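Below you'll find the structure I mean.
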Amino acid sequence: MIRFDSDYIESAHPRILERLQATQGEQSPGYGTDPHCKRAADLIRAVCEAPAAAVHFLVGGTQANATMIAAVLRPHQGVIAADTGHITTHETGAIEATGHKILALSNNEGKITARQIQELVDDHWAAGNHEHTVQPGMVYISFSTEVGTVYSLEELTAISQVCRERGLPLMLDGARMGYGLAAVGGDVTLSDIARLCDLFYIGGTKVGGLFGEAVVIPNAKFQQDFRYLMKRQGGLLAKGFLLGLQFECLFEDGLYFELGRHGVAEAIRLRQGIFDAGFSLRYDTGTNQLFPLLPDAVCQKLAESFVYCPWEKVDDTHSVIRLCTSWGTRPADVDALIEALKKA
Amino acid sequence: MIRFDSDYIESAHPRILERLQATQGEQSPGYGTDPHCKRAADLIRAVCEAPAAAVHFLVGGTQANATMIAAVLRPHQGVIAADTGHITTHETGAIEATGHKILALSNNEGKITARQIQELVDDHWAAGNHEHTVQPGMVYISFSTEVGTVYSLEELTAISQVCRERGLPLMLDGARMGYGLAAVGGDVTLSDIARLCDLFYIGGTKVGGLFGEAVVIPNAKFQQDFRYLMKRQGGLLAKGFLLGLQFECLFEDGLYFELGRHGVAEAIRLRQGIFDAGFSLRYDTGTNQLFPLLPDAVCQKLAESFVYCPWEKVDDTHSVIRLCTSWGTRPADVDALIEALKKA
Amino acid sequence: MIRFDSDYIESAHPRILERLQATQGEQSPGYGTDPHCKRAADLIRAVCEAPAAAVHFLVGGTQANATMIAAVLRPHQGVIAADTGHITTHETGAIEATGHKILALSNNEGKITARQIQELVDDHWAAGNHEHTVQPGMVYISFSTEVGTVYSLEELTAISQVCRERGLPLMLDGARMGYGLAAVGGDVTLSDIARLCDLFYIGGTKVGGLFGEAVVIPNAKFQQDFRYLMKRQGGLLAKGFLLGLQFECLFEDGLYFELGRHGVAEAIRLRQGIFDAGFSLRYDTGTNQLFPLLPDAVCQKLAESFVYCPWEKVDDTHSVIRLCTSWGTRPADVDALIEALKKA
Amino acid sequence: MIRFDSDYIESAHPRILERLQATQGEQSPGYGTDPHCKRAADLIRAVCEAPAAAVHFLVGGTQANATMIAAVLRPHQGVIAADTGHITTHETGAIEATGHKILALSNNEGKITARQIQELVDDHWAAGNHEHTVQPGMVYISFSTEVGTVYSLEELTAISQVCRERGLPLMLDGARMGYGLAAVGGDVTLSDIARLCDLFYIGGTKVGGLFGEAVVIPNAKFQQDFRYLMKRQGGLLAKGFLLGLQFECLFEDGLYFELGRHGVAEAIRLRQGIFDAGFSLRYDTGTNQLFPLLPDAVCQKLAESFVYCPWEKVDDTHSVIRLCTSWGTRPADVDALIEALKKA
C-alpha cells in the first residue's frame, strides 16, 4: 500500500536523522536553553527578517494553537476563525479547554476575509449589551488552509490592516507553511507574514521534521512570559535541543523551502494526472493537498493499492477524497497513482 | 564540561537512533494507530502482567500528569500529592489549568503515607460543610520521587488499600520508573504497580528515549475516551509511530530495565565516592539522583568542570546540590567527578 | 416611560415582599440548609411528580446553565444547543469558561429537532477519527425558547427518546418556564418535563421572584455532589433561605402558574393589538415575548413613551423589535401600547 | 434556639426591606444599568475618596473573589494568600476553576506580612528555572480576616508598598469590611483601603444586606471590560437594581458603618462575658468573630440553647468554637449567652 492520506506518514528527512546520529553522546541543557535552539531561532529570525521576534519551539500544532491563543486573550475574549479552521473542527475542544470560545466565520475555500472580520467586530461593539456576548479578541488564520488554499498577499494585507485598526492581534497557523510558501500562484513570503502577523508558527512536523513547530512572535506585547505558558500547557519539551537541531537542519541552507517546493511539485503533477484522467477537483489549491471528486467505484479501486483520506460524500455515487503529497513523496508513487487513476 | 545536572541531557540510546534510521521511508498511519504503537503496547501489557490495561503514548511528563488527572477527576475534586510532588511544585500550574486544586501533604523524604491520605479524606467527610472545600478525588505519587526515594512494596500496598477503601483512584508518575525499579533496596515491580495503581506511566524521556511516556491504565473505568482527552490536551502526537518504535526498542528485550540498572549502578559508585570524600547526603535515595551536602567552596571548585543542579542553600557556607546519573552516564565521567570531590 | 423591553424590570410579586417582611428577624442556617428551602423543594417535587428528584436553588440563569452543564460533561465533551440558544449567544462564554464547546445546530423558530440531534451524534461516531472532534455529551434546550416559542409534547418526547437511545443527558433551561407552561397551544406540563429531561430549572427571576432559579435533577446520576459544584461556581448563596421562601410563595398555592398565565394573557392581548394595527410578527410565539416587524418610523414614535428591545434590522426602513409582558404587566400599560400602535 | 454560628443568619436590615416595599412596581433596566446602581456607586466612590474608581455589584463573596482574580491574572500566574484565606480553604476550588493556583503563605493570626510576600516573590525570580513554577501575580488579603483579626494601617501600608515595588496588584476581600472598619484598636479607613489596594470589595451580605458585594476598582488598569468578566462568571444579576438599592440604603447616611459598629460592640460585650466566665480566646480579634476555648462539657451545655460553629478540637476535652455577632444581633441574646457561659 502506498499512502497519500496525510503529510505526516514518514519520520523525517535523512539530513535530520543524520544530525541526530552525529550529535549522539552530546550533552545539552534542557527545555530549549541549548545552543541548537539558540542557533535555530537566529536562523528563523533571519529568514523572517524579524530580528526582534521571539522564537520558541513546540512539539505539535494543537499544542501551539492552544498555547498561543491562551497567551493572547483575556478570559472574556474569543478567537475569530473560519468554520473550517483546524481549531474550530479538529482539536477536540483544546481551545475551549483554555476557556475561550471560537467565533466561527463561514469560509470561502477555507479562507475568511478582512470584510467578514470587520463586520463581526463592528457588530459586536455596535450592540447595546455587548458584554453579554464574547468579545472578539484576536483572529486565527491558516497558511495553507485546511483545504490547501492560500491567502494572497493582498488578502493577508487587508486582514492585517483590519486587525490593526480594530486592535485585534492576528495569529497564523503555519502547520503547512512550507507548502503554503511554495504554492502555485502564491505571492506571500515568510517576511510578509512576520510583518503582517503578531504571532505565527512554522510547521516542522509536516515539512521534513520528526516533529516540531517553531513559534515566532514579532509583536513584543505577546513575548512576555511565553515560556511559562508553554510549560503550563505541557509544551516545554525536556530535550528541547531535539527541536533546535531539527530546525537548524531545516533552515541553515534552505532545506525547509526546498522540501515545500518538492511537496507542491509532486502535487502539481498529480493534479494534472487527475485532470488527464477526466476528474475534477473540489478545491483548486496550488499546494500539497488535492481534493478530487471521484465516482465511488474509482475510490474503491484505488483503495486496493493506495491509502487516501475520505473527505465528503457528495451524492449516492460520488465522493471527495483528500490526497496529500509531502516533502517525502516519491515521484514513482505519484506516477503509480496517476496510472491507477487513468485505468480506474 | 561534564553534565550531571539532570537525566535528560542526551538524545537517546543508540539502538533507538538505529531503529529510526532503519525505519526511514516507512509509511505509517498517524496518531498512534500504527503497528509500532500496537506492538509496544502489547510488550508493555506483558511486562506489567496487565493484559486488559489500556496503553497510550504521550510526549512528556507534565502533559501526561495533566491529561491523566483531568481524565479522572470531576470538576469539584482535587488531587492529593506530596508538597514536593512534581505537579505541586514544577509544572507552572498545569494541573490548576485543568481546573483542579492540588491537596498537598507534607512529605517525608519525598513520600506520603497511607495514614496521611486516610486522615485527609476522613477529615474532609467528617466536616459539617464539606461541600465548601475541595473534595479529595484521587492520589498522585511518584516512583521514584522527586528526591530520588522509592516506596517499598509495603508502603505502596498500604496506600493502594486506603485508596480503594475510600474510593480514590491511585495514580503513579513514573517519569523515573526505570531508576525506581532498579533502586538499591527496592522491592517493587512493574506488575506490582499495575496491580496496585489505577493508572500510571512509564517514563521514556529520562530512561533511554528521545522523548515519550507510556501511559498504562489498568482500571477499565478510566480507559474510556482517553484518546479524546489526549487530543484535547494537545498530546496526541501526529507521528505517534515515533513513540511506538521507541518503546518497542525499550521493551522488546529488557533494554528499559538494563538502562535503569546502569543509571543506578553509576549513582551508587558516585555515592560511595561522596562518602569517601567525607561528605554526606541530604536524602539517601538508592536511585539515580544524589543530593550531597557540600561546602560552597567545594561547589565552586566542582563548577569549573561539572554542571550540577543547585538545590538548597543550607547555611551561609553550605549547600545541597543535585547530581543525576542516567542510562547514558559514562563511567569515566563518574570517575572524574569522584576524583574532583576527593581533591576539593 | 413604560417598559416592555424585558421580563425582569420589576422587583417581585407583592406576596414575596410580604413574606420577606413577615420573616424579618427570623434566624436560619446558611447555604440552603434551612426549612424554607426544604419545604420549597418538597413543593417542587410534588408539582413535578418527581419524588426522587434533587432540588437546588441558584440565583441566576447563566450560573444555573454553567453549573449544570459542568456537572454533566466530561472534559472532552460538548453540549448540543440551538445557534440561538442563550448559552450559545448571550452568556459571554460562561460555558466555554468551564472548558466545554457548544455544538450549535441551526434553529427553526428557536427550536432544534430530534432528527438534527440524531444526525449530529451519528455523524460524530461514524467519522473515522472521532477523537479529533468534540464528543457530543448532552443536549440543551430552552422552554420557552429565546424567541418565545415552545416545544410540543410530541417534539419534546422525540428529543428525549433520541437522547436516551444515544446516551445523551437532556437539560432544559426554564428561565421562562412559567410562560412556556402557559403558552397558547402548548401541551407540556412540569411533570412531562421532569419525566422527559435529566435535569432542568424553573425560573423565578422572570416569573414573580426577586431572583432565583430552582434546579431540578430527576436523574440520580447527576445528583451526586451537586452542592460542591454550586459552591465551586460561586452559586451557593449564603442566605439560601431567601431563595427557599420565594419558591415557597410561588409554589404553595399555584402562584407560579397564575403569574405565567397573566404574562401570556397580556401578551395575547398585545398580539391582537399588533395585528389590529396592521403589523405582522417575526415569530408567532404563544408566550410572553412578541417580535413585531415594524416600520422604523413606528419604532421611533413608540420610543417616545415606551421602552422596547431592538432585535433585528430587516431592511432600510423596517425592524423587528422585542416586546415582553410579564407577571407584573399592568393591563393599562398594554392598552396604552396597543393604542399607540394603532395611532403610529 | 438562638444562633451565633454565623453573620448571615438573618435577611436584612429593616430599612432595606422597607426600600424594597417602597420601590415595588417601579420599572428599571437590567444588569446594573439602573439609577439605583449609579447612585450607590457614587456614594461608595465618595466614601472611599476614590472619584475615579469603578464600582460594580456582585451577589456573593466567592463569586467576587473568582471574578476579580480572573480579571487580574494572566494564565500562568497565581495569587498569594494566607493558608487560612477564604479562597484557600472554603471555596471548593473556585479560584482553581479559573485556572489559577493559590500560593499559600503561613498565616499569623489569619494575616500575612509584607516580608513574607517579598520573600516569596524574590525567591521566585531568583530561581534559575522560574518558568517551571507558577509566577506570583497578585496578593489577596481579607479585612477582617477569617479569624476576625485586622491589619493595622502600618501593616497594610507595608504590604501595599511591597506589592507596588514588585508590580503585584493587591486585592482585599471585604466580605466583613463593616466589622473590620469598626475593629477595636483598628486604624484603617475605607479611603486608606482605596488608596493602598488595586481592587477590593465591600461586603453587604454580612453587614445588613440581603446579599451583595460592592466591588471597587481604584486601579484603572483592572477596570477594563469588568462587566464582561462578571457576566462570564455568572455574576451579572438580571435585576441589578436590587443590589443598587441595598447599597444606597447602606451608604446614603452611614448605615453601613453604624451596623458594623453594632456588631462589634455586641462582640466586645460577649468577649468580656467570656473572660468573666473564666475562659480564654484562641484569637483576640477586636471584630465580630470570637473564638473561645471551652471545655467540651460547656459546649454541650451551650448547644441546648444556642447554635455555634464548631472550629477546632484542641485536646480530648477542649474545643475552640466560633461565635459571631452581626448587625442584627439582639443585645438580649448576647445577655442570655453570657449568662449561660457563666452558669456552664
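Read from first to last, the chains carry the letters A, B, C and D; within each, the first residue is number 1.
Simple rule for what comes next: a contact is a pair of C-beta atoms (placed from the backbone, for glycine too) under 8 Å apart; a residue touches a chain by one contact, two chains touch by 3 or more.
As the structure is a computational prediction, the values presented were derived from the model and not from experiment.
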| item | value |
| --- | --- |
| Which of C-D and B-C has more C-beta pairs touching across its chains | C-D |
| Taking each chain's C-alpha mean as its centre, the one farthest from chain C | B |
| Centre distance in Å when chain A and chain C are each reduced to the mean of their C-alpha atoms | 42 |
| Where chain C and chain D are represented by their mean Cα positions, the distance between them in whole Å | 33 |
| Rounded Å distance, chain B centre to chain C centre (Cα mean) | 49 |
| Where chain A touches two or more other chains at once, by residue number | 75-76, 91-93, 97-99, 131-132, 135, 228, 231-232, 236 |
| Chain D partner contacts - residues on chain A that touch it in the complex | 31, 70-71, 74-76, 98-99, 129, 131-132, 135, 225, 227-232, 236 |
| Residue ranges of chain C in contact with chain A within the complex | 75-76, 78, 89-93, 96-97, 99-102, 128, 131-135, 310 |
| Of chain D, residues touching chain C in the complex | 1-3, 5-6, 8-12, 14, 17, 20-21, 23-30, 59-63, 66-67, 91-94, 97-98, 205-206, 210-211, 228, 231-239, 241-242, 307, 328 |
